[in-house]
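Each in structure tokens, the structures are laid out below.
Look for chain A in each of the two complexes below; its partner is chain B in the first and chain C in the second.
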Partner chain A sequence: MQYSISTSFMIPTWKRILSHPKPHTAFDLRQNTISRSSLAAGYRQAQQELTKAGPNMVLISRSFTGFLTQLSSLTHHNAFSVSAAAAAIQKMTRVRVVDNSPQGTTPWHRAPRVIHVYTKNGVGKVGDRVLLAIKGGKKKALIVGHKMPGERMNPRFDSNNVVLIEDNGNPTGTRIKVPLPTHLRKMEGEYSKLLAIASRFV
Partner chain B sequence: MRIEKCYFCSGPVYPGHGTMFVRNDCKTFRFCKSKCLKNFKKKRNPRKTRWTKAFRKASGKELTVDNSLEFEKRRNIAVKYKRELWSKTVEAMMKVEGIKRKRQAQFILNRLKKGKQLQKAEDISEVKKNIHLIKAPHADKAKVMEEKMVQKLQEDVEMGDN
Partner chain C sequence: MAVCTRRLDKVMCSIRLLRNVKHQNERFLSTSLCRLALESDGGNPTTFTPPSKPVIIDKTQTEASLRKFLSPEFIPPRQRTNPLKFTIERKDMIQRRKVLNIPEFYAGSILAATMADPHATGKVNRFVGICIQRGGHGLGATFVLRNIISGQGVEICYELYNPRLQKLEVLKLEKRLDSNLMYLRDALPEYSTVDPDMKPVPHSVTGEVPVNTTRVRMRPKPWSKRWERPKYAVKGIRFDLYLTPEKMEHAQKWAQPWLEYDMLKEYDTTELEKRIFAEVQAEMTK
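Moving on, here comes the complex of A and B:
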């Protein structure tokens, strides 16, 4: 059974560069992605040629894909578990106060805990207000980052960060050293005072 | 707009791609794709993961010290806008990119030359070891013996003449 796979895309990069002494006429910032897409095109071409070659080759390719799935299942067995960040902020979550307010910084035998989330569902994301139980009292706060991965273009933080707030929305502390997400600016709500005391954005 | 570098594989992260993770010491990690993110979560060291640029540079497989690579370093100083500077920088970028690629390619070529030498030496030693597969061990002996006998006979004849 005669079959040929075009190997033109399998030339290593260094060889390709040295065999074409012509300088690049049009500079393309996406040079890296172009080479990758041409690779993908080459692989697609190879696949097409494989399917053209006949039933024998299809069987071989099927067994190959089966082998691949076996491999992937093997890797799932070996993956160890990381601490779960399953849900965003809800009742009873322990939270990290991130500003320099006295209530947030002085030590207490119990971590500050969320006792109410001011949303329609009880789940709090960045920009939502919550009620905290802090140092034996109640205090409102604003969520500025959570462990749960949200939208892809927004950063994920390593802890559930919160800024203490008064009832009228003014922050209690005077400085926030921890980086705040930039999509807070675009959110509807009065966050201007919070953004003013923040020192770093991410 | 800035094209960032993936923390794990050192590839480019274009706007609209990838994810970002902020650690509690305020260090940000950008990833170009979920493959890099997953490896990071598994606590893999990019300097030991063979397919990353960090590994290749750390193990000397790619060009590390070069003038053309100095242009890539991040400068945190804001530059006042000047039109000529802008256009000249774009031209310079094209040239530097070309030079950098050639140098990187040459580096790899030089690195692989050693392999060709070693391969040649190996081939020679292999042929010497297995010469019995090509030529019988005493193949030339008969011919050499014959030549020696002829030479001796000639000498005897000369001696006899004298």
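Moving on, here comes the complex of A and C:
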């Protein structure tokens, strides 16, 4: 039976790795993968834990890492390398959808990828529109944070965050739990509804 | 109300004001006594003489015991530039420091930075985080604060001398085993999480800065950088949990042991530091 990894949002390689390495061995964790159903269930649970998070992020992260140790099964190899963020967001970058839209949250065997960036150069920064290939279809999205360092005094996020959007600029989801950069407020006119559903600015 | 003993000898009517006399840290304050004394002399209108400035001599801490700290951005890098550039820059830095109090802090300290933001509610934006890096020289000096907010890791690189920066508070002053904590990006999130409503922890102005010797647990490999390699010289990671001794030895292949003995790379800043510290102290107290 062919197992494969199902993820709906961008999960870096380290999260696919199951258990904490035991102190006496440092085995190559990339050899282990998980079955689709257990991973999907796992990430739904993890996501629930993360979304339930209040001010006590320490507890949540501990429970998340504790949860990871429970999953274990040895199936076929799936090792690939991930390069560090060089340019901000361009074609074929895997992104993380941060709103609560059904397209962004349901699991899929491929992470959502950018297939077009609506800028003059192909590089997308915060506030640029992109076209995503998500769940076998195409959807427009707005970049709300990237890993690449930008201007001084502006925040840099640990993941490339994206919010799904309609053609007129209205967001697809109803809530954004992840903090957004304040300089996104400049586009008050175009994306006012998106800024309204944001819960936190940084 | 303190007593000006010399002037009271002349005036008898000020005896009733002698009731509330308190000596506080050997403070000498001139009071309305002098003015009353002058008025009672002839009834002629006298020119206003401002009271003398209070001299507060704090005898609890000697100058020698206070910790001498020179911010690293004052030390000029070894370059082929005119030293005049550094003196002019230092003048501007001191001028900014007279307006905004930039406290002493190190990589590993927890800071709260408030900056003016036209797009934020209330026009100010407060961010609390752990300082992971201090870089830059002169007016372009920066520091990076890291925190995890709602499960998302956020880093902001602040410029120390940017006029948008309104307030800088040190919530917890401490050092770590390394001067660069970029490996916290690959560490477990609990090491980068800082409570945004944290209360400032009192620290002493004298003595050594406390060193936090925590060795951090990391996420499984791959990491963003190969922190085990000697060029990073990381002491604050528990490598024994993630790397076998063979792997650690293999990492030592990238060691450059001859760099320690390279005389052309030597840059002794002790004399320069003393001179600049004296200059900065003199300018700040003016």
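Criterion: the second predicted complex is superposed on the first by the 116 of 202 C-alpha atoms of A that agree within 3 Å, B and C clash if a C-alpha of one lies under 4 Å from a C-alpha of the other, contacts with A are read in each partner's own complex, and residues count from 1 in each chain.
In the analysis below, contacts are C-beta pairs under 8 Å (C-beta built on N, C-alpha and C of every residue); 3 or more make two chains touch, one makes a residue touch a chain.
Since this is a predicted model, take the numbers as computed values, not measurements.
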Item checked: Touched partner set for A:K186, first chain B, second chain C, both or neither -> second
Check: Which partner does A:P107 contact after superposing on A: first (chain B), second (chain C), both, neither?
Finding: neither
Check: When both complexes are superposed, which of chain B and chain C contacts more residues belonging to chain A?
Finding: C
Notebook entry, point to check: Looking at the overlay, what does A:M153 touch: chain B (first), chain C (second), both, or neither?
Noted result: both
Next item on the list: Look at A:F201 in the shared chain and tell me whether it touches chain B only, chain C only, both, or neither; answer first, second, both or neither.
Entry: second
Margin query: Is A:G136 touching anything from chain B or chain C once the two structures are fitted on A? First, second, both or neither.
Written below: neither
Next item on the list: Under the contact definition given at the top, report the residues of chain A touching chain B in one complex and chain C in the other.
Entry: 13-14, 17, 23, 29, 82, 145, 149, 152-159, 177-179, 200, 202
Notebook entry, point to check: Given the complex with chain B, which residues does chain A contribute to the contact?
Noted result: 12-15, 17-18, 23-24, 27, 29-33, 79-80, 82, 145, 149, 152-159, 177-179, 200, 202
Margin query: Quick check on the complex: what are the chain C residues that touch chain A?
Written below: 115, 117, 119-121, 125, 127, 142, 148-159, 162, 164, 185, 188-190, 193, 195, 219-222, 224, 240-244, 247
Checklist line | Complex interface listing, chain A residues touching chain C | finding: 13-14, 17, 20-21, 23, 25-26, 29, 50, 53, 55, 57-58, 60-62, 65, 81-82, 84, 145, 149, 152-159, 161, 177-179, 182-186, 199-202
Next item on the list: Could you pull out which chain B residues touch chain A in their complex?
Entry: 3, 11-12, 14, 16, 18-24, 26, 28, 41-42, 90, 93-94, 97-98, 101-102, 104-109
